[in-house]
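Across the two complexes that follow, chain A remains constant while its partner is chain B and subsequently chain C.
== the complex of A and B ==
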């Protein structure tokens, strides 16, 4: 009884700690002086500026002084022979971000899988969740090491920028460090307490630890995102460009939430991709049928996680891009219409590879069921549409041509394919590609089941009618508004296109789940009965996600061009120029290779930790 | 629609397909109309 009481108190304390960690973010905004200053500043920015000039006495009278961005020269940027500051920071930041994304995403779905295990009382879920978190433990150390390296690199190569940002975000940076301790504590308790906190109330305490871990991790990400987005869309500035706001103003900048949403969804997709690669690695190296079955199931779960996050990801991306345009048309045009537009062609190829490999894995996975033969004949049609959409998706609008080629072509644009280079064609293609992936997923779900409801045939016909109507509507919006109206209509039509896909996803899952309620199983699932080549599809997923994140991250950062903080704090370093696409692609590709090598090291470590060598005759007997 | 008509639709797959297509094309066009209207535009381009 006493133990139960103590356990309840423990659980409540943990929940309280969670609430405190959430409130911690808001504390700076509740600071009395900053609130007072925030109220005064909009009314009298000149007074605030004057207060800055009068120094400490003025500060006491009118709150903190405005923070003015320094005007730097090339000499203000320290150099180290043999190192390029920008490339060092770029590489280290990218590696840190990949690992951070991974260690933030894995606990999200580990928490969900553990909760599913608790609900279904199926221990396999618990074992799998434990194995996922085990992989992220080593990655967590690497994240911290790379985070430290990034901090030192920034302080060494960009001291004035860091000084400026620390002045603006000072409190939040302290909370960031404290939260990192909290996250470490929760992670280690969560991982090392897994087998200790089993059964009954203890399991609830363990799940609460998982929740706290996610709360701390997500808050960390939100804080760091605000620093990044402040550099893109600074807020709290007066007319002269001096910062006169408080931390909440700086954090709540225009692009903060679009990035938050995009990163959370993308992290889950990326995390699913990386643990999928882990499962594939273990599957290929498994010696027994049982192990192959286990890792096949793990790979399947990871792929489902990755696809579930991949489907809404383009929408989050569109939302972010629309907000970038809304904040600054110039930045938007640099992003999609300027030099960076060419990187979107590479992005298109990688996204196409993602969709193709995710679908391919689903098709191969249908082989686990004896009932899949009923649906395999439809795969080729789905494949044709996906490949066609993929080709449209990466068809460039303008071409890099020699004079002779341009003359032969009769202009800059290809007479037939040029029409496929504009956004309405891309939007149409990506929506069709998402819907085809949804169809693959539905077939995959049905492979081992037979519906028992009387209206199953009619339900299928209604669903086919629904998908046909959706495809007609997407094509109507893409072709009619894309080619027979003006630019305003072209852009506007992309919203109902996206909503059509959204309706299709929601409605098909509702109809399908009702139709297959109480369905009969064809037979037991043959876990492990999947070709090895399907595992390589999982590797492609992980590599494509990584590379894509690197390229897109570069674009997001690169559209600030020669500004540290857009239009406020100019980059005066010798590297204040947009590098060639080839150079940028090389840096990102090398970073991808380094990350992959580190990930393989993490996988290998998890393999080594489970290996025991019998050192016969080495240790003293008795 | 009464129960008998619904049963008829559910018995005939082509009718069910037509009903599904018809109902959803109306839903989608309505959605298009509302979304374009919200952006100050009409569904059909008016120049």
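== the complex of A and C ==
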């Protein structure tokens, strides 16, 4: 009897593991939606014949049987009255991905903060790291719940696609399930063992648990990314489009690593943004000076984390886009030159909001230091450049005009502003924006310190020279190659621009950190001495990040157009068309509202968990 | 509680701002519908119709103009005929073609057989073409369509068209681009479909997106009336826009049903 009970539990656990293994599957319905299990679908005669032949050869060679993508019709897609399958999957997938990004990112910087605490022996770091991970615990449960919902949605609305992907990725999905359990175990040990594993060797054990937690979480993400990118750039296909590779072939598809890099960096920026919003919320609610100081410091740290990831994020995005072009010029042109071209104007608004709010928070934060007055006079110039760069990025190529306006203007292109609509102008703008943010960050770091090294003046001169030379180089590349050469150089010039910015970031941070090693402090930092309005900059950061992630998820999935698996597995559902930008904005906005509501619920829970009520007279005395 | 509500309201306003910008400040563009299946009737096919089919595939389903346009992404093909003899003798040529027809066909299905200098994939020293095999993947032209494009490109370069018009029907599961082979086709549903099918976007911009060989039509309704627009479609030579080459096909008046022409004119006049 007991054995049977154990067997039942074991069976249920295995089933659950399999369900969990499918948490992070991509949203297939976005661009099209229909697929069928290869064995179920009425494949076309030629394809079936080809598959049969290849299959026979494969068996003779003792290799796996080829997996043929089925050819479906609209009738192969289950429907539920009152529900649009694509929107349901889209919405749930997006919510799941937001939470997944958050719970993957938080342990990364919690691990780093804990290590800093161990190195500096400053317990404030340890306490803050614990508070960060506490917030992510509830979010972890929500991630799992949403993952389950996503799995059910996919199985209900896209059973054939799921069947196809499971056949290709079967082993990796099992590993995913096992890793999910491992991650849960490490997370719970890491969180609940925080106060137990303190001091000496125990602390090292705790830090190791954090490392293992991150290793499990990151591997999970890499596995899930491979499913997503396989749908964009399938690999291991023969000439007929049948999959003849193995799991490593499928995982190692062309866009896997570019997406991995982009997602890791973006997740950290997003996680920093959300935790920053948490700190801002707690700061605004704080009743005592001590609490305000604590949450101000927490918000500052979260903002630094977000900015640190925000600065390299455009590079990761650029690399991803270049790789998409490299994989398929058609896909690249669809991405940048078709319907999605206007999406990048929306993206410009969002990234402009991100940069402006991050900078604004840094500038407000300088008020904590008595030595900031030395630098505040420069802020207005930085602000002017950032706003100007934002406006350039925001300028569309063609203008929407009334007849009278068009006549007055002489065409759709503004005689002066029209030149700002092309990519070289926008590349120049974004590079200047990044460098200005870097400058804000450096001034912020210096606000409360005075360097003591003998070469401080020379170091300053070098840094000023570097920034000036960098700005000139970026402007020259953008203007000369953008307007006085042909298309090939227009695009190619962006690479040295990006490299200039990259070199500036690395070199200036190296010089600055060397120069301010052992620097004198002007006075104590007045944590908590920051206006409330600065906290709203942190909310802008979190909300903009969330909305932007949703929007970019739409384009990443949308560039597959009417394919579940690009060029291999056709979407034959009634929703196989690319939704408009306006519709995507509707879905992303509603999903963001739901996400923010859930995040506020998580914040509230973490607050409630620390609240104790003295129930006087309720319990028996003595 | 006050802070809580303030944060909620602030976040909702912010999200509303992003939503409003995307919905009201960005042109509303309806993406083209996924390609649908149609049948080619070869029964009454003439060479002129076959070349016209090739042109339609070239500008539409073949997506050739995505890259073979004035933006310099790929070589322009109007000089293809003139360059072919030199290419076949070029030491870099890796194919098996012996004449113009087989060279064009080979370029469509094995684009890396010869890569024009400067147009190869980055890092391959012009040994590998970024162009896909047009019979595979998302383009998926069938044999009839490949031959039609070959005929069109021969004709475009002023060469004698040597392609033989196929007599058999394409495989049943393959998609064919058009019903240009004769017989009434079903009418187009709306102006968007007409624009997609006639590949107007290859030369004209709509909502800021498209080619630059013809005038930008994004707000054409604001400056031109319906009579002008109708005349410009059925007889493009009547009012040539200044500064643009005279390449607008003159046969749209024949290709479109009367109701479709009016639908298109109405649509264009509404672009303000």
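Basically, the second predicted complex is superposed on the first by the 549 of 622 C-alpha atoms of A that agree within 3 Å, B and C clash if a C-alpha of one lies under 4 Å from a C-alpha of the other, contacts with A are read in each partner's own complex, and residues count from 1 in each chain.
We adopt the following convention: a contact is a pair of C-beta atoms (placed from the backbone, for glycine too) under 8 Å apart; a residue touches a chain by one contact, two chains touch by 3 or more.
These numbers were taken from a predicted model, which means no experiment stands behind them.
By the document's definition of touching, of the two partners only chain C reaches A:567; chain B does not. Considering which of chain B and chain C touches more of chain A, the answer is C. Of the two partner chains, chain B is the only one that A:469 touches; chain C does not reach it.
Of the two partner chains placed by superposition, only chain C is touched by A:593; chain B is not. Once the two complexes are laid over each other on the shared chain, residue contacts for A:86 go to neither chain B nor chain C.
Of the two partner chains, chain B is the only one touched by A:455; chain C is not. In the superposition on chain A, A:485 makes contact with chain B only, while chain C stays out of contact range. Where the contact sets of chain A with chain B and with chain C meet, they give residues 486, 488.
Chain B meets chain A in the complex at residues 9-14, 16-25, 27-29, 31-32, 35-36, 39, 41, 45. Looking at the complex, you find that chain C touches chain A at residues 3-4, 6-8, 10-12, 14-16, 18-19, 21-23, 26-31, 33-35, 63, 66-67, 71-73, 118, 121-122, 130-132, 136-139, 171-173, 205, 207-209, 216, 218-219, 222-223, 272.
Considering their complex, residues 32, 44-47, 71, 239, 241, 281, 284-285, 326, 328-330, 333, 337-339, 341-342, 345-346, 349-350, 396-398, 400-403, 406-407, 411-412, 486-488, 536, 539-540, 543-544, 547, 561-563, 566-567, 571, 576-582, 584-586, 589, 592-593, 596, 600 of chain A touch chain C.
Chain A makes touch with chain B in their complex at residues 454-455, 457-466, 468-470, 472-473, 476-477, 480-481, 484-486, 488-489, 492-493, 495-496, 499-500, 503, 507.
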